[in-house]
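Next up is a structure, given as structure tokens.
The letters A, B and C name the chains in turn, as written, and every chain counts its residues from 1.
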Amino acid sequence: MEEKRITKENLIKLGSNWVNDGMNVYVNNGKKYTLMKLHEEDLKGFEEAPPLMSYKEIVFPKTEPILYYKKSQKEVEIIEPKIGGVKNIVIGAKPCDAKSISIMSKVFNWDYKDSFFNVRAEESVIIGMACKYNDEHCFCTSVGISPVSTDGSDLFLIPLANDNFGVRIISDKGKELISKYESYFTNGDSEESENVLSSIPIPEKKFNAENVKSWLDKNFESEFWNTTAEMCLGCSQCAFVCPVCHCFDIVDEDYSFTEGRRMKNWDACQNGLFTKHASGHNPRDKQPKRYRQRVSHKFKYYKDKFDEYLCTGCGRCSRGCPAGIDIGEIVERIDKLTN
Amino acid sequence: MTELKNLVKSLLEEGKVTKVIGYRMYGENNTKPYIAVTPNDAEEMVLNTDCRNNLSVYLTKKEIINGGKTGIVAKGCDIRNIIALIQENRIKEEDILIISAECKGVGAEKGSAVYANKCVNCSVKTPHLYHELVEMKGSELSQPKDKYTEAKEKVLAMNSGERFEYFSNMFSECIKCYACRQACPMCYCEQCIADMSIPRWIESSATDRGNLSWNMIRAFHLSGRCTGCNECERACPAEIPLSFINKLMYDTAKEEFNYESGMNKETPTLIGSYNTKDNDNFIQ
Amino acid sequence: MENIYKPYLMEIAEIIPETKDTATFKLKFKDPEIASVFNFKAGQFAEYSVFGEGECTFCIASSPTRMEYIECSFKEAGKVTAALNRMNVGETIGFRGPYGNYFPVEEMKGSNVVFISGGIGLAPVRCVIDNVLDLRDEFKDITIIYGARSVQDLVYKNLLDEWQKRSDVKTIVTVDPGGETPDWKGEIGFVPTVVEKASLKAENTFAIICGPPIMIKYTMPVLLKLGFEESKIITTLENRMKCGFGKCGRCNIGNVYVCKDGPVFTYEQMKALPEEY
């Protein structure tokens, strides 16, 4: 694998250049993937928890028009939204976030292909970074990711001594992104990077995801669900911050009597109205059923359908849950039930 | 004073309550809500300076409150919400049993050495409605910096255009998850105005316009009702300082009508005591 | 960029009021080119939209053997259906589809077919009835059993008359006890009871059943008792949908997307699903 080296100062400059080139550059500043303005943001996050919100917005915005319309008494004209045309760069993506686009890509591309997602995914370049953080909510290794995995990254940063970074070139997209700016880089030292990588403790697996899945295969009806998330408030925080939750609603919004737009908005299965029929019947009428959907979608249904777990183990849903519900802990308990 | 665990255990054993909503440890410097149903469940129950949650939100959930008297562990501030719920006829006092303590204040967040903002100037550290008293554990915390007063002065000095801009910016990061609503003990409507589609009062998209109308309307619906428990802000994944606008409304209710919600179960609610002679010159 | 969310525009060519709260729309594609290539199979559904109000899901009620119009029948239930009810002939609505799977009309050829439906549930069944009747020679005995709460709640009254006049179809129309009018000539009784008394042959017979969940719940055991094969009892499910094509995550029952793998399911398939509908 080709490797280069860059100083942090140059990396930030490089980011500013990309901003100048008209790209949207997001930097992990340790708390947030924040949209970089020229020279304004610092790159942190190596030892920090995954930011509160993932950056899935760059491919799947919280709200976006899927069409505009003009209408008169009898006629309607549809105007297509323009999307894309702007590259999105993420600098310092956590390995547990880097994989999100390729995971979501499966649902947005089986059979019908969602261009809104695809155009943006195609135009996104993910610069991942090794991760030295690990807390009680993290469990990336249990779902096949690790703090040093480059899966999903186009370039991969390895923090070295003296504010230097090893830069591994993972994909052609990554290579192309830096081709114009070779001068910011020096030759990389793969050995030094390897030493850093091997000094990063790889957290032990908390559960065996296959066991969890085989338990879920047989336990749609189980007392377990009634006693697992009884404190869940149905607040949807978990789904909105999750790098791979992808549910949405479609609604119309008039801005006047003659014009408006149709929007695609984030939505989540923890919301009580999510599955409610117009007749009032609701197949998931209680919170335990909704929580069962959450866990089952992540550790069974998505795996059945798309051969991926719908979870990267980032732990942010648990860190942010106002009711202290920890999905890793719950899945761990399921694993224990199988022994 | 009885030990919390023993108290909960005997309440459950004697059948005085069918369940107790309380806290248990969650890692080292954190707690989380749970429900003790059997006397054995009481073993895990704690009350300390890491008990940040306001458990009264669970009293608004039918699945939880139905089926016999409910015990609840509540700090003074949480009791205010319980009282507010009683004032609004949402719950009946005889259906609940409040277990409280002289409050030491709770940490701002996990492992924090300072109080949560809501504890600053708290007037109910000594609980004002309870049925059983226990002791609160945990170390002394220090006072956080007051950011509110300065921000309030700044906003009050703004003209209406500037204020509009200020709040639009504040709410622009909202992602319309409604976690604020779900975590709020006072947001208990069977059908929230945000979910009404005929007509649609609030645009459901998380655009600047939809966000401003949602957050403003929520603040209005909570004015004179919000007790300042800060659960909305704690739940908000977008880190929007929701308590700011709520506190502005709170102060207005206090200054204009000498009303603070959740202080006395006998007083009518602020909205319920509307009078045509009420002052309205603060509305601009 | 191909926009999978973009609907075709359709003109409302005719509105047929069915009952107090249901109506049938006959729709024509605005773009003749689309009209000439558009195709679907009986049992598929679409997303219909009123611009400014939103989208909602209905089956295509007309038969693919009659492509002059696309028809849908709907019951006023909320925002979009109310808006549709306010619309007039000549106005424009959006239409995305067809989506989902369909009834196995090919497989049914050479067999007897029993259609059982209740209320607005006749809409998804009607497309198959028309389809089968248009290919009458290829099927054996055909029985239609339809029930509604009251005489006023019967939909497709003209079609019911038409079917009742045909000698090659046995048509039984029933209303719930108390729902009859003095001059009502049909049956009085609930659908499951009527099915039980209808002396149906189960052998080599497909049963297609759609209607309110309660009707389905009580009719299924009757069909099984009569000896119908589980793989030949076919119904459609109506989970809440938004996208219609396996993206929005709303309609799933376990690992099945009702919008993609359904909405048509055999009883055999349904039994294997978790109870989430």
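Methods note: contacts are C-beta pairs under 8 Å (C-beta built on N, C-alpha and C of every residue); 3 or more make two chains touch, one makes a residue touch a chain.
Keep in mind the model is a prediction, meaning the values are calculated, not measured.
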**OP:** With centres defined as the mean of C-alpha atoms, identify the chain lying farthest from subunit B.
**Re:** C
Subject >> Leader among chain pairs (count of C-beta contacts) >> reply: A-C
Original post:
Any idea how many Å lie between the Cα centroids of subunit A and subunit C?
Top reply: 40
**OP:** Could you tell me the distance, in whole angstrom, between the mean C-alpha positions of subunit A and subunit B?
**Re:** 31
Original post:
Counting in whole Å, what is the centre-to-centre distance of subunit B and subunit C, each centre being its mean C-alpha position?
Top reply: 49
**OP:** Please set out, as single numbers or ranges, the residues of subunit A touching at least two other chains.
**Re:** 249, 251, 253
Original post:
Do you know which subunit B residues sit against two or more other chains?
Top reply: none
Subject >> subunit C residues counted as touching two or more neighbouring chains >> reply: 54, 78
Subject >> subunit B residues touching subunit C - in the complex, by the definition given at the top >> reply: 197-198, 200
Original post:
Hey, which residues of subunit A end up touching subunit C in the complex?
Top reply: 66-67, 69, 71, 73-76, 78, 80, 83-84, 107-108, 110-116, 119, 220-221, 246-254, 260, 262, 264, 267, 269, 274-279, 281, 283-284, 289, 293, 296-297, 300-301, 304-305
Subject >> Touching residues (chain side subunit B, partner subunit A) in the complex >> reply: 26-27, 30-35, 53, 57-58, 63-64, 175-179, 181-183, 195, 203-207, 210, 231, 234-235, 237-239
Original post:
Considering the complex alone, what residue numbers of subunit A touch subunit B?
Top reply: 52-53, 62-63, 136, 230-231, 233-237, 239-241, 249, 251, 253, 263, 265-266, 268, 271, 273, 286-287, 320, 322-326
Original post:
subunit A touches which residues of subunit C in the complex?
Top reply: 1-7, 9, 49-56, 77-78, 81, 90-92, 94, 213, 238-240, 242-243, 245-250, 252-255, 260, 274-277
